[in-house]
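To keep things simple, chains are lettered A, B and C as they appear, and every chain counts its residues starting from 1.
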Amino acid sequence: MNRQAAFWIIALLALVALPFVHRDPYHLHVLVLILIWSFAYTSWSIMGRFGLVSLGHGGFMGIGAYVTALLWNHLGVSPWIGIPLSMATAGVLALVVAYPCFRFRITGHYFVLVTLALSGIVLQVITATRDYTGGSLGYTPQRAPSGKWLFALQFDDKITWYLIALAVWVAGLVIWRAIDRSMIRHAMEAISEDEDAAAAAGVNVTAEKLKITLISALMTALAGALYCQYQMFISPDTVSGIAVSLQMVFAAIVGGVYVALGPTVGAVITIVLAEVLRISFGTKAVGWDNLVYGVLLVLFIIFLPKGILGSVIDRIKSPRKPSRGHEQQTVPIARR
Amino acid sequence: MLELRSIDAGYGSFQVLFDVSLDVKAGEAVGVIGPNGAGKTTLMRVISGLIRPIRGAIAMQGTDVVATPAHRIVSLGIAHVPENRRLFPRLTVADNLKMGAYMPGARAHYAERLEFVFELFPRMKERRHQMAGTMSGGEQQMCAIGRALMSNPKLLLLDEPSAGLAPVVVQQVFELVRRIRSSGLTVLIVEQNVQQVLRVVDRAYLLEAGSIRAAGTAAELAASDTIKQAYLGV
Amino acid sequence: MQSFLNIFDIYLLEAVINGILLGGVLALLALGLNLIFGVIDVTWICYAELVMIGMYGMYYLVQVFHLPYWAAAPLVILLVALLGAALHFLVIAPLLTAPPINQLLATGGVLFILQSFATVAFGIDFRNLGIRLPVLALGEMNFSYARLLSFGAALVGMVGVYLFLTRTFTGTAIRAIAQDRQIMPLMGVDPKRIYLVTSAIGGGLAGLAACLLVLQYDVHPFVGLSFGPITFLICVLGGLGNFIGGFIAAFVFAEIISLGGLFSDLEWGYVLAFAFFIIMMFIRPAGLLARRS
C-alpha cells in the first residue's frame, strides 16, 4: 500500500517537473489539451460508470465555456467569479432536466434521448443568440488590459496552463476516488443493478442520482470554462452539441469507463490521433478524425466494450477468465 | 411420425430433461403427464425448436428436427400451442390467425384455412376484429389452437390447454381436443389435469423429474396404482 | 388597432397551418424511429444523419446527374432503405445480445461516421436543389408548394406504411414481434429477416423525409442536428414505440416551433419546444411512461 502511494507521489512529481525539463511549446500544448479533456471525460464517466449514460454533457461544457466568456466580455465579470457562475448555471440546468427524469423513472433509451436533446438545444441557443455569442462563427474572450492577467485568468505562458490543467485533472481523479470509496458508490451500483430493489432497500434513488449528476455537470462546466480560457476561442461545435457529447462517450469507452484512469487513456488516444491526422493531412484532415473516431467507437463497442485500460487490467487481474460474452454482461455502462 | 431419442435438454447449465425417448404415431393422441416442474413444457419446446437439445435426436417423418432452423420446423408440419397460449394481445383475432399462416406454404391456403378454423370455432368468427388480449381465457385458448391449425399441421403440440381455465371451460377445451383428433390430426398433449387427459388420449407417458417413468395406453395408466395415488387422488 | 389585429390573425393562422405542414414530415421521422424501436428495441440516434445522406443523394441525382425530381426520389428512398438495412446488418445485428445502451451508443458512432463522411466527401458548403416551387397565395396568406407537397407526401408515406403493417403477412409479423419476440419461430417467422425488413422500412422513411426536406432546406453535413433532437423529443413524449403518440406529439411540437418562430427565430422555437417538453414531463409523466424500457 505504501509502495503504491509512493509510486503515485513520484509519478505526480514527475508530471509537475515535466514542463521545467521539457519546454517544447507544441508538446506542452498537446499535454494541456489532453489534461483538460481528460478532466471532461472523467467528469462524464463519474456518472457514466453507473449506467447513467448522458449525451447532454456537450451542453454543460458549452455552458461552462460560453457563460464565462459572455460574463467577461459583456459585463467585465472576472472568470474567477464567472467560472463558478457558469458552473452554477450548468448545475441548475442539470437539476431541472435530471429531476423529472429521475423522479419519474426515465431510464435507458429515454434518458439518453432526453439528454441528447439537451445538448442539441444548448447548441441551438448559442447559435440563435448570435448577436451576443457570435453564433457558429465562434467567440473570443477579450484580451485582458495589461497587468490584469490574473484578474482575467489569461496566461500567455504554457507552463502556467500546464500546471493549472494538471491540478484540475488531479482534482478530478481525487473526486473519482472519493466517490469510489463513499456510500454513493454502493448506492449507485445498487441502483444500476435494480432500481426497485435499491429503493426497497432504503436507497433514495432520485437523490443519489441527482447528486452524482450534479457533481458530473459541475465538473464538465469547469472543463468547458478552462478550455475557453486556455484556447481563447470557442465555437459551438468544439465545446457543445451532440458531437462533443459523443466524443466524451467515445473517449470514455475507448479508455475504459470504470477505471479512474480510463477516461485519461481515452483522451490521450483521441487527442494524439486527432493531432497525428491534423499534421499528416493538414486542412484535408477536416472530418477524417471524426470518421476514424466513429469507426473505432463502433468497433470498440462490438469487440472491446470494457475499453483498453479496463480490458488490460482485467487481463492482469484474472488472466484466464475473460470470455467475451461474460464481459459484455458485466459492463455497467451497458446496464439497462 | 415423431420420434425422440435420448434427449437431454435444459437452460444454460441447468439440465431439465434426461434421456427422454418418446414416439408419436400418425393419427394417435398421446399425452405426457407429470407434476409441475417435471420438464413437460421443456419437452414441448425442444420439439418445436424454441430450445435446442444438448444431446439426442428428434425426427419428424424422417426429417432431422434438430438440424432444422427453429422457424422452419413449423413447415415440417409441427404446430405448437404454447403454455399460457401466448397470443399477441394487441393484435386482433384475425391478425393472430394470420400469423399462424405466416410460412410460405400456408399463405397460399390462407383463405381456406381461415374458413376451416372459423367453422371449428364460430366464436372466433364473431370476434375476429376484437383484440385477442381482451377475450376470456377459454376464447383465447380457442384462438391459440386456431392459430396453430392455420399452418395446416400434421402434428399439434398442446401445452397445458386447460391451465387457468374455469372447470366448465376445461370441459369445452377437452371436447375440442377430441374433435380435432377426430379430424385426423395427430396430437401430443401435455397436461397436469391427468384425469381429463387420460380420457382423450390413446397412450400416455409419465414424466417425473425430467425422465420418463412410465408409459402405456391410457387405460393401463389410469389403472396403475402409482398414478391413481399420486395424480388421480383415488 | 383593428387592422393590426387582422394582420396579426392572418400571420397566426398562417403559422398554425405551416405548423401542421411541418408536423407531417416530423411525424414521418417519428414513425420511422418508433417502428425500429418497437420491433428491434434499439434507438438509432443517427437517424437524422440518414436523412442528411438522403438529401445529398437528391442533390447529386438532381443537380449533378440532372435526373428529374420525381425519378430521383424513388432512387434515394431505395438508397437510404439499403443504408438502413446495412446499418442493422453491420452494427446492430452483432450487438443484439449486448445491453441496449451499447447498441444505442454504437449508432452514435455511426452518427460520427456519416457526418464526417459527408464532410470529407461533399465538403461543408451549403447546397440546394435549385428547385424553387411557387408560392400559393390564399387570401393574404402564403404557403409554399414545397411544404404542401411535403405534407401530402408524408401523409401518403404514413398511409403506405399503415397499409403494409395491417394488410401483409410481413407487416403483421412486424407488429406481432413487438408483442412477443420469443414465440415468433413457432409462427415460422425468422426474426432476423423481420429485423432487416424493418430496418429497411425505417431507412426508407428517412429517405422519403430526405426527398421532402431537401425541397425546403439546404443540405450540409450537420443538417441532421437541426431536426434530429426534436425528433427524439417527439418520440420520448409520444412514448417510444407508440405510433399514435408519436404522431400526435409531432404535430404538437411542430406547432410550438412554428408559432415560436413567428415571434422570433426558428432556433427559439426549438428552445420553446424543449422547455415545453420538460414541463410536460412534470405534469404528465404518465404519458411518458406508457412504455418504459
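Just so it is clear, a contact is a pair of C-beta atoms (placed from the backbone, for glycine too) under 8 Å apart; a residue touches a chain by one contact, two chains touch by 3 or more.
Quantities reported herein were computed from a predicted structural model and do not represent experimental measurements.
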*Going by the contact rule set out at the top, which chains touch both chain A and chain B?*
C
*Centre of all protein Cα atoms: which chain's centre is nearest to it?*
C
_Per Cα centroids, the chain farthest from chain C_ = B
*asked:* With contacts counted as C-beta pairs, which pair of chains has the highest total?
replied: A-C
*At what distance in angstrom does the C-alpha mean of chain B lie from that of chain A?*
56
*Between chain B and chain C, what is the gap in Å from one C-alpha centre to the other?*
44
*Just curious, how far off is chain C from chain A if you go by their C-alpha centres, in Å?*
30
*By residue number and range, which residues of chain B touch two or more other chains?*
none
_chain B residues within the chain C interface of the complex_ = 48-50, 69-75, 79-80, 82, 86, 88-91, 95, 98-103, 106-107, 147, 151
_Contact set on chain C toward chain B in their complex_ = 169, 172-173, 175-176, 179-180, 182-191
*asked:* Taking the touch rule as given, give the residues of chain C at its contact with chain A in the complex, in rising order.
replied: 37, 43, 45, 91, 94-95, 97-102, 104-106, 108-120, 124, 221-222, 225-226, 228-230, 232-233, 235-236, 240, 264-265, 267-268, 270-271, 274, 277-278, 281-282, 285, 288-289, 292-293
*Tell me, which parts of chain A touch chain C in their complex?*
51, 53, 55, 96-97, 100-101, 103-110, 112-114, 116-121, 123-125, 127-128, 237, 241-243, 246, 249-250, 253, 286-291, 293-298, 301-302, 305, 325, 328-329, 331, 333-336
